[in-house]
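Paired with chain B in one complex and with chain C in the other, chain A is shared by the two complexes that follow.
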Partner chain A sequence: MRKYIEIFKSQLQLDAAYNGWFWANAVASVIGLLIAFSFWHAVYRNTTQIANMNLPKMISYVVIAMLLGNYVSGVGNRLSESIRSGEVAIELMKPYDLLLKLIWIDLGSKVSASVRDSLPLLVIGYAFLGVQAPVSLAGGALFAVSAMLGVLIGTQFDLIIGVLAFWTVNVWGLRVLRRGILSIFSGALIPVTLFPAWLLHISEVLPFQSMVYTPVAIYTGAIPLQAVGMTLLIQAVWLIGLYVLVRLIWSVALRKVVIFGG
Partner chain B sequence: MIRVEHLSKEYKIARRKPGLRGAAQNLFHRTYDTKAAVSDVSFSIDQGEMVGYIGANGAGKSTTIKMLCGILTPTAGEVKVAGIVPYKQRQRNARNIGAVFGQRTQLFWDIPARESFNLLKHIYQIPQHRFAENLRTFSDVLELEPLFGRPVRQMSLGEKMRCELAAAFLQDPLVVYLDEPTIGLDVSVKARIRQFIREMNRNRKTTVILTTHDMQDIEEICSRLIMIDAGRLLYDGDLRSVRQRFGNRRTIHFDLATPATDTGMPAQLAPWVFAEWEGRERVHIQFDARQTSASDVIAAMLQSYAVRDLTITDPSIESIVKDIYERGLS
Partner chain C sequence: MTVWRYARLYLEFVKQVLKVWLEYRVDFFIGALSTIVIQFASLLFVTVVFEHIQQLNGWSFYQILLIYGIAATGRSIHLIFFDNLWTLGWQYIRTGNFDRLLIRPINPLFHLIADRIQQDGVGQLAIGLVVLIVAATHDGTVWTPINLSLLVLLILSSGVIFSAVNLFFATLSFWMVDSLPVIFATFSLSDFARYPLTIYNKGIRVLLTWIIPYGFTAFYPAASILEPAKFGLMALITPLVAVICSVLAYLFWNVGLRAYTSTGN
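On to the complex of A and B.
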């Protein structure tokens, strides 16, 4: 366990070392936030309610969802890249579990990201854009738990795409597909409740809305407190399911692994 | 320490049809070629041995090493390293081994070397006193002190390789695999690295397996050679008999000032040498230093041809492997 914590710490160090990159990212997220803010203002000019949401509620949703949306990507890219270059050979010679190592690196970079991206977004959101506080203290706490689960689900899903590089070598296409699916179904762009009924049904049986929509809906109160237990359970089941799936694909991959390069 | 029995590894390689149409067909139907990278190789290596594992490019060296490291699963046969089947217990095996791959780094690219070593300490769970002691000893031979504060990406090849070696021996491994540890380095760094490897082996009984194309590496480090070619074991034995056979072989390359009119050898050389012409202005002459001397060869050539330039070289690993392959070791 100690070694993974050290790896986690080294990732924090690493992220801090890239100072320029650090701030460029922060600026980019603020700009994205302002664009979304103006967009929804324009949409609400001629209406006061969309799917039972008024403007302040929608803004709260969009800002918090954007914040979480930054976390759904992860280390999959790094994994597929190291598979493609053959670098993975060296990783496999180390006495650690590569998947666990990646998850800890992922956590490290997400902690950095929360300082880099989320903090400025939150400050601006609360101070200038009129983002509402969570419905209640309990709601806020449950949101934190649900958000954590959502982030971990995102990591697992990303790892699946990464491991597939053992077969496809180039996962660029898969990543584009993944991004498309995630921006629609995770709820990072718009609440899934804005979907037509048939699409909403599809979304409900997929794991993606657990990543962003579920926690944010707890935050805004769209999911009432008494129903939260059930949604958390669903999230946990998805997390475990995806984790097992990653392990399964991983062990098959290792058995028939072809390492590229000398 | 290492036991390899009837080890084989086959790769399946997708056959790509040429052209755009071929690419489209590949999407729906793929045919595979099987390539045997390693076939039926057996050997066993005792603790503290230093073995040169050599062969031409693509002979199956790295495939074997990868199976010893537990990264690849053999198609057939058995491997055991320190009593462990590497691919079944990859992490336990990983704790017993160290490795340097000349082309890749196992240090962390962006953080200072000191932090890299520190991270390795935790990853390998090296006790603090061992860690400190090792780092101190290694620094003496490899002169690491000035490198500690720098990340790998800011190091020269030689500096990087010194750190890599330290990293490979840091956890007191039982076996160390060195893949081209001196490639592209200057003479003084090479010497330092060879000295380090010899000391490690002498003081700690570390088993070393070295793959290289540098004959000098082998001569200075190894006492035993294992050669493979096209995935098959070609030779396994001590270095001495190989050296007796090839150690006296020299090649002199002549550049002629004017094209040769006749490509025969001067009469006094003909029985002893083997000449290979490259056009009419270059000739490579091979001979055995015990049968005739370099000065005789050069003198005879100078008499017969207008020589512009000449160089003398020792046999390369490739030519030795080729020779053993074609004529056997007698």
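On to the complex of A and C.
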């Protein structure tokens, strides 16, 4: 009997570890929301407008941006792990394009994450934090398109970081570096329109604000509907550019693998 | 004599780690740079917000920076020296490596901690110190040898509290195999501590003061220096909290260790 109880116990532990991560991430996200909520309420205690945004608008921006910001990372980690373990050599022999495979895995996991993780947080945002609905129906629809483009741009950038595992073993450091750059320039923490002019100019020539700022600004109406066409175009150009860049770095890296004899 | 022996042992561990650092210089650089960039990102965030406001709930920019600086430096002590606590579950217990530590003639907790010195913490320490200096020279505090040494004591306490809380929750791995999600979730509470606790509602303040005392890792130490009239007592309580947390965490660790060894894993 004793051994069966041990098996029973180990299954409990396995399930606990699996569910554990779900709850841990949920707790961390709720904490993030609470901090942002308290922080911005304190900021607006002595003022009603910051860069043409009132408190409800800012809260809407910050909450939606925080949720969307969770999607700009993903499968690069998996790529770097498979490079580090050497598993990539086997992957390369399989009859599919590894990068495309990873992009589709990424999309799959992001769709399921949006139902499992983001939806509950969004409900909390609407119900308790005062998040507003999209500026208009069209704005909501265009937000969805723009957010999709933003997520795809994020995936490409993530793959670039992943491929760099061919050159360094400190993948963790690279990922932290990526997170730092994104938290400044993607707009996940703060609308880039709050930046001082010089920083705003830097941000405008980088691809990062296309990931989060652009879609969320469409959501809140900070980018007016008639200007949305242009911003979508900019996003599309960045997406194609980064996709090509990933391919380039990838082919250089593969040559390196072949030289080392796989 | 044991203390002396352990100090010498620790030095031996450090030597090994330094050899690895020298071997992988690029990685060391990336690691240090990455934590600097993360810290820089949060600093930039605060700076940008303060372009638009004069004060946050009565606290000036440089006062907020002081809170930040204490949090970053305290955290870096934890990151450099106690980072291995995070890995107890997946690198030691799950793999069975922990049994290797148990047969050595030294304290297994010491062994676990000394097994790694986290290079990436060095960058964080550097930026923490810079922020502290900038904040301290601008926040209007008159610095004397007394409050300066107090500041050092409070920062050390901050590092100890971070580490003790992590030790407590890492210990759960003895029952759960890997308690990393619990450590991660608890650690994310420490993000609250980067801002004045006064901006939060009562429930959050009570939680961060009496239950998971992250309030003592940054806000209370900074406040005790900035506003001694109102928060002065916290300067005495903070080191006390650090000691209590360490004792509790270590006792809990011993309970976990006994549970682990008695099941004969």
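Methods note: the second predicted complex is superposed on the first by the 235 of 262 C-alpha atoms of A that agree within 3 Å, B and C clash if a C-alpha of one lies under 4 Å from a C-alpha of the other, contacts with A are read in each partner's own complex, and residues count from 1 in each chain.
One rule holds in what follows: a residue touches a chain if its C-beta (ideal position, glycine included) is under 8 Å from a C-beta of that chain, and two chains touch if they have at least 3 such contacts.
Quick caveat: nothing in here was measured; it's all calculated off a predicted structure.
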- Task: Based on the superposed arrangement, let me know which partner A:G130 touches: chain B (first), chain C (second), both, or neither?
- Result: neither
Going by the contact rule set out at the top, does A:I31 touch chain B (first), chain C (second), both, or neither?
second
In this superposition, the partner of chain A with more touched residues, chain B or chain C, is C
**Study point:** Which superposed partner A:G229 touches (first chain B, second chain C, both, neither)
**Key:** neither
Is A:G140 in contact with chain B, with chain C, with both, or with neither (first, second, both, neither)? neither
**Request:** Please work out whether A:S183 is in contact with chain B alone, chain C alone, both, or neither, and reply first, second, both or neither.
**Result:** second
*Please indicate which partner A:Q13 is in contact with in the superposed arrangement: first for chain B, second for chain C, both, or neither.*
both
### Message
Under the stated touch criterion, which partner chain does A:G241 make contact with: chain B (first), chain C (second), both, or neither?
### Response
neither
#### Entry: First, second, both or neither for A:N46, with chain B first and chain C second
second
In chain A, both chain B and chain C touch residues 13, 17
So, in the complex, the side of chain B touching chain A is made of residues 11, 62, 66, 69-73, 90-92, 94-95, 97, 99, 101, 103-106, 108, 110-111, 115, 118-119, 122-125, 179
In the complex, the residues of chain A that touch chain C are 13, 16-17, 20-21, 23-24, 27-28, 31-32, 34-35, 38-39, 41-43, 45-47, 50-51, 168-170, 172-177, 179-181, 183-184, 189-190, 194-196, 199
Per the touch rule above, chain A residues touching chain B in the complex are 2-3, 6-7, 10, 13-14, 17-18, 86-87, 89-90, 92-97, 254-259, 261-262
Contacts from chain C onto chain A in the complex sit at residues 24, 26-28, 30-31, 33-35, 37-38, 40-42, 44-45, 48-49, 51-57, 120, 176-182, 184-185, 188-189, 191-192, 195, 199-201, 204
